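The first chain written gets the first letter, and so on, giving A, B, C and D; residue counts start at 1 in each chain.
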Amino acid sequence: MKVAIIGSTGYGGVELIRILQQHPAVSLYTNHSSSQDGSLLTEGYPHLQSIIDQPLQAIDTKKIASEADLVFTATPSGISAKLVPELLKEGLKVIDLSGDYRLKNSKDYEQWYNKEAGDEHWLHEAVYGLTEWLETDLKDAKLVANPGCYPTAALLGLAPLIKDRLIDEKTIIIDAKTGVTGAGKNPSPMTHFSEMNDNLKIYKVNKHQHIPEIEQVLTSWDAAVGAITFSTHLLPMTRGIMTTMYANATEEVNIDQLHNLYKESYKDDYFVRIREKGIFPSTKEVYGSNFCDISIAYDERTNRIMIVSVIDNLMKGASGQAVQNMNKMLGMEETMGLEFVPVFP
Amino acid sequence: MKVAIIGSTGYGGVELIRILQQHPAVSLYTNHSSSQDGSLLTEGYPHLQSIIDQPLQAIDTKKIASEADLVFTATPSGISAKLVPELLKEGLKVIDLSGDYRLKNSKDYEQWYNKEAGDEHWLHEAVYGLTEWLETDLKDAKLVANPGCYPTAALLGLAPLIKDRLIDEKTIIIDAKTGVTGAGKNPSPMTHFSEMNDNLKIYKVNKHQHIPEIEQVLTSWDAAVGAITFSTHLLPMTRGIMTTMYANATEEVNIDQLHNLYKESYKDDYFVRIREKGIFPSTKEVYGSNFCDISIAYDERTNRIMIVSVIDNLMKGASGQAVQNMNKMLGMEETMGLEFVPVFP
Amino acid sequence: MKVAIIGSTGYGGVELIRILQQHPAVSLYTNHSSSQDGSLLTEGYPHLQSIIDQPLQAIDTKKIASEADLVFTATPSGISAKLVPELLKEGLKVIDLSGDYRLKNSKDYEQWYNKEAGDEHWLHEAVYGLTEWLETDLKDAKLVANPGCYPTAALLGLAPLIKDRLIDEKTIIIDAKTGVTGAGKNPSPMTHFSEMNDNLKIYKVNKHQHIPEIEQVLTSWDAAVGAITFSTHLLPMTRGIMTTMYANATEEVNIDQLHNLYKESYKDDYFVRIREKGIFPSTKEVYGSNFCDISIAYDERTNRIMIVSVIDNLMKGASGQAVQNMNKMLGMEETMGLEFVPVFP
Amino acid sequence: MKVAIIGSTGYGGVELIRILQQHPAVSLYTNHSSSQDGSLLTEGYPHLQSIIDQPLQAIDTKKIASEADLVFTATPSGISAKLVPELLKEGLKVIDLSGDYRLKNSKDYEQWYNKEAGDEHWLHEAVYGLTEWLETDLKDAKLVANPGCYPTAALLGLAPLIKDRLIDEKTIIIDAKTGVTGAGKNPSPMTHFSEMNDNLKIYKVNKHQHIPEIEQVLTSWDAAVGAITFSTHLLPMTRGIMTTMYANATEEVNIDQLHNLYKESYKDDYFVRIREKGIFPSTKEVYGSNFCDISIAYDERTNRIMIVSVIDNLMKGASGQAVQNMNKMLGMEETMGLEFVPVFP
């Protein structure tokens, strides 16, 4: 297998390199960047010294098509919208890590992203790559829209309850917390160490572009889901997302039943680990790995269910899931090259 | 004014020292500890070198009564239950920073704290010291139960909405986040740097002892409030609490109305700062100060109100509020000795 | 006393505000900025809400002279060089927090700062404001060059040994470590949280502009001091500097003698605290305060003396020392308004 | 290959698990612990859920010998002293990660560790496993004393200069900085998050047990090396060591010559990466990997050479190097199973 990465200079691209470098079925991968043709990745990422020595290449779709079978586009929002159809036209398979092909309705995209949406045909064709809950066989897919980091954590946590209609769809609240790599590579006042260290920030209140993404998927599972509440916090840590989710139970439930539901739902999914009853996951327990760890609680006093899920935002929340999808597109074991033990502590 | 601190070796006690050292109306204060009579505070707290040189004293209630007018008990839960009545018997005024005199119903205390409750007479007499919403004049109070850190942040944030009956009392969800000083001075696996750094933990799910404290106060304001959902997260930072709170609006509201309500509610309260519309506070913006900063948002899509409040857990969440209450008990300006500018960055 | 701050939008300026806000002898201070005339400080520093409400003013030297007695210039290097003489011409006293008036030799400045040096007359007139070792009475000074953060920590630590000729001047090595506020307010890749958190960087190897500053002062104390080794590390913390310093003893010494020398040297200096023998300071023990804590060790195996000093880089390393100098210039107690207890933890 | 880990509940043991889990030539490994026979590793290390499910086993040397070929002893100092000879007696090969078999002179051990030294025969037989500078073929070794974390970073940095006699042996100063995992798994006041976060501590001044270890190796390379200065600092980060080292040049040198020497010395060593001239490594650039990155500088002003080296203390500083040594003992490529790309950011 030969693959290409477009956008190697962002954190998603660099994490793809970390994974593919050790992937047994990828014989070659090349790195491309719009802005830094000819420069060395090691200038911005000296940790890659002796690992990646070839210079970054320009984004030449024909050349990429002649050398690779599949492309990861780890580009900022707005770039993939135009680039992806060009790559597909060359016969390449594409896994897009940006948000450009996730929202089926181009109006939603334009409203929440405030940019021009991607090609309507490909918006319709794109498979939303929440690997554990795929609705089509990826072997037939040409374009995978890789899910956002928050939606991955939220949807894996909510899926069993929504699919079993165990919660009141109008009561869903998702309180999400992320490490700072979620804000990307570019320095800004928000991510300046002096002001982010020992600090906790809430941002994009009621405006985060992952709101419509989560709603779209939940509604596809249960049409009664409409608007949800989703809030996002920036924490003084590098990696990791925790979503703490609340919803009212619609019928009498108990913790054993809920716990069994989750164990059963994910029994064949290597990367989703359900914690023992009463034990809740911390973000560091999945650091550097592709796991999503989930716990569930039920409070009889309020008849409210709480679900807690954690992921590494750069792995299961981005590049790890992208490679998991690649494995499926290419007919391989979904775990191949992804069995990283979490780096702890 | 002469005051004594019992429990000077904990973080609450040490923060009291930081404040009282600079308080213009406190001429003397003494430090007492059950376990370390005769030792020096500077052994555990070398930052106090040249500031506190006298050794720690034993807890001799008669001696304290002969030297001080007022005592802060910054002792662990379970100690104050017995100690406070002895101090009161000697004629001392007491501000108790532990949780022992907050819950009016001793059964609640025993259930949530799993310890023996304090004296029934004093449980009844104790004034709950949420300074901005006091229901009696502290000048007449002998015992103030100083609020918990989380309840302070949550109650200051919810008060205007609850008192104006603007939210559905059955939909209140409080997602709380704290820095690690909230877990106290004693080292434990949970607070071990190697495992807490770059990590986010959720703990005491549906079991936190601040749940009944918040419910008790909210119910006293609006009898329709019953059980609430309150969850607690431990973040890799030293100080700071943020509570992100959600509730459904009961009637048509808009953001201007809500914002004005908050500005109006706290217009005479120096330590509560309402942010401009659309601006949300970060915990570091109150670091080392007695401020509680609050923002409010309204989402028309879900008809849900969100309130965000931040405090320094050791200041407004403990020792700062305790001194604010002391000022009121002694008939002074509530801001005296407390006008610390936040330490930023 | 009326004072003005030029450069209020940087960290040095904001720390001056924190101090002056609580200073008993400063009745008024105004905030000035070259770039943000008319805007509000609270836009970049919301922690100042309700504390500083007036907008930033332009830098109009005549207007400042009509309103203030003394000015702090907390401006970037290169700005003060030209601005300071203009302020002095108006009869203002100036305390310059930049590096522009510290190096007596303009060629040194141009070599190490790579900028045009300040006015020769004022370079000569400026008093280097290392408060504990001043060589002239500040009451007569018009211009104080406030020392750099690293030089303050290093010079306070080395002074007793150098002045007593106890170390071989050719063996001085200063290994310095700083928190990230030392790099200022502007975001950059170096201070981006995602790459600075959980990381340790060494920077400006053999090129730091504080090298000639330290050498100039040491040489003025002991002409045998020439070039020293001084290295600088950036640590994942907000505030704090530690300098670990090494030098060979020139004669037989022992730890008691060294410890007594330090106790004696600083016995009248409130802000310098000598630790007990065998106890070494941590940076957090001076956090938010104007203290410099120092320890000394002697290793018989190598005949080498080690000195460890810590400061808060924004306090004793910048704005705290500046106010200490202001107090002296105005004939007040040097501790006035500066007796902050360290914020711990 | 079948291997056993004794001491799986410490950080060294857990890091061995992370490596061996992905090692292509290790078919089985078992986990042993003195204190927790029968309990699950996942109780203390939930990140291992679904990865390690079998319970911890007691330390039964005969049983281990019947099941494994090689044992890692990742036990605290003082335990290996007695345990290692018992394992060797059973015919097992042993890689000891404790300090018990590093110091050849038992008196040195007893002085610096304040414990009883190991068996004299095995002290003599043990091969010091600084992999890049091994003096015997590990294929013949029965016992490898795996180097300490600090000595690994220091010795790899100093070796080329010492071996080429380019520095004055009496001027060596090593200023070392470590992340908190270096202090191990047990919580203590020193490593309590509230007091370690945003803090920098210096510890064990002139008393660190790695001093004689570094001196022993340096002296074996160049008998003129005697006592060195080595100081240790604890930083608010999880992993990573940087050693900043200083020594006077003995003859005229220049930076090109020094840089070439280092490039040449390590040209066949995959895990040692020499940075380009003028570029210095940060600890995060080796996070989670087995690399040691090194830079060198020369200051003509002082005739002093500076070397900077960084490692991940749990990888190249402990378990990574241990597996590197295992590979060599078993006649495999030294890089096998160790080609982890650093986790960045």
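To be clear about the criterion, a contact is a pair of C-beta atoms (placed from the backbone, for glycine too) under 8 Å apart; a residue touches a chain by one contact, two chains touch by 3 or more.
Molecules present, by chain and UniProt name: A, B, C, D = N-acetyl-gamma-glutamyl-phosphate reductase.
The structure presented is a predicted model; accordingly, all values stated were derived computationally and were not measured.
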If I rank A-D and C-D by number of C-beta contact pairs, which comes first? C-D
Can you name the chain that lies farthest from chain B, using the mean of each chain's Cα atoms as its centre? D
Roughly how many whole angstrom separate the Cα centroids of chain C and chain D? 39
Roughly how far is chain A from chain D, going centre to centre by Cα mean, in whole Å? 36
Quick check on chain D: which residues sit in contact with 2+ other chains? 11, 179, 181, 194, 197-198, 236-239, 282, 284, 287, 344-345
Would you tell me which residues of chain C are touching chain B in their complex? 11, 14, 17-18, 21-22, 45-51, 181, 197-198, 238-239, 270, 273, 275, 279, 281-282, 284-289, 293, 339-345
Residues on chain A engaged by chain C in the complex (per definition of touch): 11, 44, 179-181, 183, 185, 187-189, 191-194, 196-198, 236-238
Residue ranges of chain B touching chain A (in the complex, touch as defined): 171, 173, 175, 177, 179, 194-195, 197-203, 205-206, 227-229, 231, 233, 235-240, 242, 244, 246, 280, 282-284, 287, 297, 299, 301-302, 304, 306, 308, 310, 344-345
